[in-house]
Amino acid sequence: MLIHLSSWPEIDAALKSGHALSSTVIVPIGSNEQHGPTGLLGTDWLCPEIIAHAAEKGEEALIVAPTFNIGMAQHHLAFPGTITLRPSTFMAAIGDWVASLTRHGFERIYFLNGHGGNVATIEAAFAEIYAEWSYAEDRADFALKLRNWWDLAGVTGLCNSIFPTGHGMHATPSEIAVTQAAYPDRIKTADYEPRIAPVGPIRDALDYRARFPDGRIGSDPAQASPEKGQRIIDAAVPALLKDVADFAAEVLPGT
Amino acid sequence: MLIHLSSWPEIDAALKSGHALSSTVIVPIGSNEQHGPTGLLGTDWLCPEIIAHAAEKGEEALIVAPTFNIGMAQHHLAFPGTITLRPSTFMAAIGDWVASLTRHGFERIYFLNGHGGNVATIEAAFAEIYAEWSYAEDRADFALKLRNWWDLAGVTGLCNSIFPTGHGMHATPSEIAVTQAAYPDRIKTADYEPRIAPVGPIRDALDYRARFPDGRIGSDPAQASPEKGQRIIDAAVPALLKDVADFAAEVLPGT
Amino acid sequence: MLIHLSSWPEIDAALKSGHALSSTVIVPIGSNEQHGPTGLLGTDWLCPEIIAHAAEKGEEALIVAPTFNIGMAQHHLAFPGTITLRPSTFMAAIGDWVASLTRHGFERIYFLNGHGGNVATIEAAFAEIYAEWSYAEDRADFALKLRNWWDLAGVTGLCNSIFPTGHGMHATPSEIAVTQAAYPDRIKTADYEPRIAPVGPIRDALDYRARFPDGRIGSDPAQASPEKGQRIIDAAVPALLKDVADFAAEVLPGT
Amino acid sequence: MLIHLSSWPEIDAALKSGHALSSTVIVPIGSNEQHGPTGLLGTDWLCPEIIAHAAEKGEEALIVAPTFNIGMAQHHLAFPGTITLRPSTFMAAIGDWVASLTRHGFERIYFLNGHGGNVATIEAAFAEIYAEWSYAEDRADFALKLRNWWDLAGVTGLCNSIFPTGHGMHATPSEIAVTQAAYPDRIKTADYEPRIAPVGPIRDALDYRARFPDGRIGSDPAQASPEKGQRIIDAAVPALLKDVADFAAEVLPGT
Amino acid sequence: MLIHLSSWPEIDAALKSGHALSSTVIVPIGSNEQHGPTGLLGTDWLCPEIIAHAAEKGEEALIVAPTFNIGMAQHHLAFPGTITLRPSTFMAAIGDWVASLTRHGFERIYFLNGHGGNVATIEAAFAEIYAEWSYAEDRADFALKLRNWWDLAGVTGLCNSIFPTGHGMHATPSEIAVTQAAYPDRIKTADYEPRIAPVGPIRDALDYRARFPDGRIGSDPAQASPEKGQRIIDAAVPALLKDVADFAAEVLPGT
Amino acid sequence: MLIHLSSWPEIDAALKSGHALSSTVIVPIGSNEQHGPTGLLGTDWLCPEIIAHAAEKGEEALIVAPTFNIGMAQHHLAFPGTITLRPSTFMAAIGDWVASLTRHGFERIYFLNGHGGNVATIEAAFAEIYAEWSYAEDRADFALKLRNWWDLAGVTGLCNSIFPTGHGMHATPSEIAVTQAAYPDRIKTADYEPRIAPVGPIRDALDYRARFPDGRIGSDPAQASPEKGQRIIDAAVPALLKDVADFAAEVLPGT
């Protein structure tokens, strides 16, 4: 079920259904930021949304929240179209999402993430949330999980086999391929120079732009195609369903 | 242009195009909250998104940001599926969106809002943003505007003429009709009892549920239909384009 | 009773008195900001204070808190004497006032407001306060109400009848008349040019001053007189008492 | 000049007058909290207001801001009528007041304080404000001063001579006498038991009430009288004017 | 016991030991800031650490937390090596330390402070912590105490007798002597000019440096020696043990 | 140079020395938290301090700040002696440290970290700091680096070779060995049961204690010895010096 296309009685019924997935919710989370000369600005929130919605198509019991589409992308701000939250704002917002969802009885919140730059802040947000329970000597009545879509079982292996060189870290051919599969009418092309982008540390936005003039890091996105994207999606969907099912079935110690 | 389906060079080119709309950006903003027995939980962010995207279809120069889909809905928390930000979080997030967009050169940020409960917090957020400039004795180099989609010229009149009774304030037939037009396969039905829901003040979530047991306020959403929704959209789109054009053309005094 | 001129045993006795108003408290709230060439900087907090204190004179059981005299006036900062809180600070302070008053057993907090620019932030503050209860799935044990003094029954009608033209939105003849009635030795005069001030949107402080050079918006305060002010006060006082009594008597659903 | 009873052009003229006091502003600051069986809840903000307004009567060039009437009184919360800000809120509000006042050109902000419990937080607020300049390697273009009214030259000596025993620390006969002089129709009496209240540490509100059952600390307020209060006011006023003049005349090093 | 050199079972056993000191913990707290031409930057956190660790050597039941080594030193930022927290950060951190320590069952938290500039913020932090209990009408299940090491019984008297002139307020010979006793290989010398430093108010960092060019306030640190420092330490240690024992034995009223 | 044992003129001279390391500062950073039955609670801040101080012994030009000794350890709170900051507090404090150090002219801040649980929050803090520059379209005039001591070149390899089994993730024999080398009189022993601790996810404190009853994760610390610890230190010191020198020599693009 996609929460935003459901009514509240439908969600209520699902929560009370007793289904193995009934108290678990998937939150696609990403970022709206530059992805090189050809990548969509929405790439990092579209990818987890695409994969989660595809999974929900096959398994209606999967409950998917609206997509958390703006994340931590301060380093991309020198490229137009990027929108970022400060980490502190991002953490507060994640806290409010979790407070809302657990309030309804969701006991497992699974964040399917599409942006590497989000990871630190999401984990810090989890710790901020758990800390309240830990200080209070109380057991959190829910569990939080962060999973990058490329870390789903088999996906990175597949991406590496499809793109043995020039995968890189930002504006990768795999993420761009996933969006091409879903938005074939939005495919863009460019002459990449150099073909494989440079690598380096990530700091503030002007430092980033000086190091990575067209926005890519280590990648050659020209290799992307809708077909390759579909192969990645097809691999990710069952891996996601398996991962979510395992998370839903996890027994918490001492409870 | 939809920012999330564009590349950064496309946004960059638009910003530098000199087009009358080139430094204005629309942010559809709403809430994910219960909308009675049949309304979609996403209604309040889907409506402005539907209208803004429809407008962009006809006027490609219109730049539309990703949808800000979670707003201030604390009073709806007693109904499953509702997700809310605290007002303070919401304000911080709006501040970060504005800081990101103005950083790229957008000088007019137009929030097309779909949720009455957002209005106070969005206006407080605007004041929080402007206050930094006001304390600093500096002129803000951008202007912010909030427009509820139903306040676009002619829209409320049309809604009242279509739904002379039972329009109400929450889970209204007009907003539900708009989503039916866009998502006809997601139309739900119910026996509403009473046909027209009660009205009253809005306070905390349990008070809300005690007053409005099925979530509606003053409305009879059974009157909604996709056709009526399309009429509303068709009226809203040109009104939006006109309103945005006026905003973009507004001359700021003393600058 | 004016809290600040009472002792704690007096407030304690009132709270335990069983009087219909014993668990309700009025908080006059406003702003200290420019009010055109002749208006007092304190106008917006003086007006609700004047009306509330006049009401308390006639009905001793009315409990009135000290006046919350600094509000949200960032847009007036280009005029000397204006003092403003950021919306976030204002919200935190309102939260602390409410936490203090409800701690003592007050179950209805009635904010009598004198500044239109406060409304959004006060409502956002209410939502911030209620949100804690809503997330916690707990019923707030108090109710909050915001009432602008000019929205008391009959008051706006009276003001419009006294000032059929040139009432405007800021530095209005009605609010200035109210302060003239209470502080007749502080009446100031000026040659207003133009007689009726312009109108327009409200943004940051320098934008405001460029649009509204002498501070007024849409008003002709030369029409004010102490006598007119007294008529307004005399209309507002019984309307306030009635409104507070209704609020105090309101039955909360499900409690 | 009392800012709240002045118009903005009057404050503007004062700021530009070149008078020795023209860029200095007095902020009476206190707390609304229990003051024993007979003391007014407003005592701590009324005292500095009474003294500052009396000083302004004699020296019109003295610019006095509205009274900051709610301070840090968490320890008094077990007594009805007490209203407190959290220290963090109090600091934010002081920051906003200072930002507003310095924005207009005030270079010396003099807080005349009436509540010992405010001192730590006000000083912390000053440090928070200065820290921004210190981190930025910039010189603050204003100076902040905190003065308790009883620390004005000669005042504590006078109080001790009038009340050689039973002065105490809270609900002191001197502060109660000051309010009696100003509000003679609000004098209250009680049988104090014991005559001189106990002393002890200050912690949370319930601890406070357990230690100090009627709210007083170390004091015998029965000794207060309006005449004694007037003597204290008469001593405080010239001391305040001298102290403010010295502050206004202080040359900042290196500027 | 030094917590950081103990294992958790050792602290657990201590907490359960029933010893008179078992639920009390000492937190040495100070600041890392310039101390004139010769004083160690760590002086203000080293002094309480030196004294607390010396006390623990003689009384193993004394439980000493790690040293809180960065405090509120914004005014010293114009001198290299100074590190400061904003007061608001400092307060948050103290709150987290207290929440951690009381979570384990410590009921008395004794802050042994080495920096005068910390006092206001620490007291504000205490009030911030207590306020939560006071608003909640709940009794705090712990007590907090702040003691400057120089205020331990007899210590200031001793310091004054050793340094009858030129003790001053910052970079005092007594604090420098204490560090010389503990770090004799880090003693530095300088020609102080003037011998006794000036005094004055404390504001922002550049103001401070303009007033106090070498960092000292009112002091002549040339008088310090390791022997004098040892005398001070020897006086402080038993005074600390006595003060902590009294605090641990204090009976809270009504509990 | 250890900042806390230096005077400000010494740090000033170092900053102006022109030495290759003169504008770089090392901040040992860790956590105070349980480390199993035998590990010191201070292990995670002692290890980076031990290594950094050892490096400074050999290379006096290395500037080392005081140790940041409390980090993010909410998950360890069910074990006495653990002290943690909330992530938001931790981030604010890191921000203040960086603001202080860069204010003095340090252009490279190198955090030598001893706690895996700190990594996410430190990285989020870096992003929070950089974001201000990125929003402002300004180049940060400093660079931040995080390095876990076990990630210094060659160290993990050495640890794995010394402890081929039972190294684990928390209370590892390598970190315990490092503290044994530095504090040989504080070595503790225990019968570990099981010899190698279990592994699992990290959530709130009670969940942690239920999963990892004695605090260890995956480790067999009985293998630790002071000699092994010294070998690790001896490997880490030159690797640290090399890593810092590389960081100090790094040329920032476009500057």
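First chain written, first letter: the chains are A, B, C, D, E and F, and each begins at residue 1.
Convention: contacts are C-beta pairs under 8 Å (C-beta built on N, C-alpha and C of every residue); 3 or more make two chains touch, one makes a residue touch a chain.
The shown structure was predicted, so the numbers you read here are calculated from the model rather than taken from an experiment.
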Proportion of interface numbers common to subunit C and subunit D (over half same, under half different): same
Pair exhibiting more inter-chain C-beta contacts, C-E or A-F: A-F
Repeat of the D-E interface, chosen from A-B, A-C or A-F (over half of contact pairs identical by residue number): A-F
Geometric centre distance via CA averages, subunit C-subunit B, whole Å: 30
Chain centre separation (subunit C, subunit F; CA means) in Å: 54
Approximate Å spacing (C-alpha centroids) for the pair subunit A, subunit E: 47
Multi-partner residues of subunit F (at least 2 other chains): 77, 84, 86, 88, 100, 103, 134-135, 137
Pairwise touch network: line, ring, star, complete, or other: other
Which chain pairs touch, all of them: A-B, A-C, A-E, A-F, B-C, B-D, B-F, C-D, C-E, D-E, D-F, E-F
Subunit E partner contacts - residues on subunit F that touch it in the complex: 3-12, 15, 32, 34-42, 45-46, 65-70, 77, 79-86, 88-89, 92-93, 95-97, 100-101, 103-105, 183, 186, 188, 190, 215
Subunit A contact footprint on subunit E (complex, rising order): 99-100, 103
List of subunit A residues in touch with subunit E within their complex: 134-135, 137
Residue ranges of subunit E touching subunit D (in the complex, touch as defined): 72, 74-75, 77-78, 84, 86-88, 91, 117, 119-121, 123-125, 127-128, 130-131, 133-135, 137-140, 143-144, 201, 203-207, 210-211, 252-255
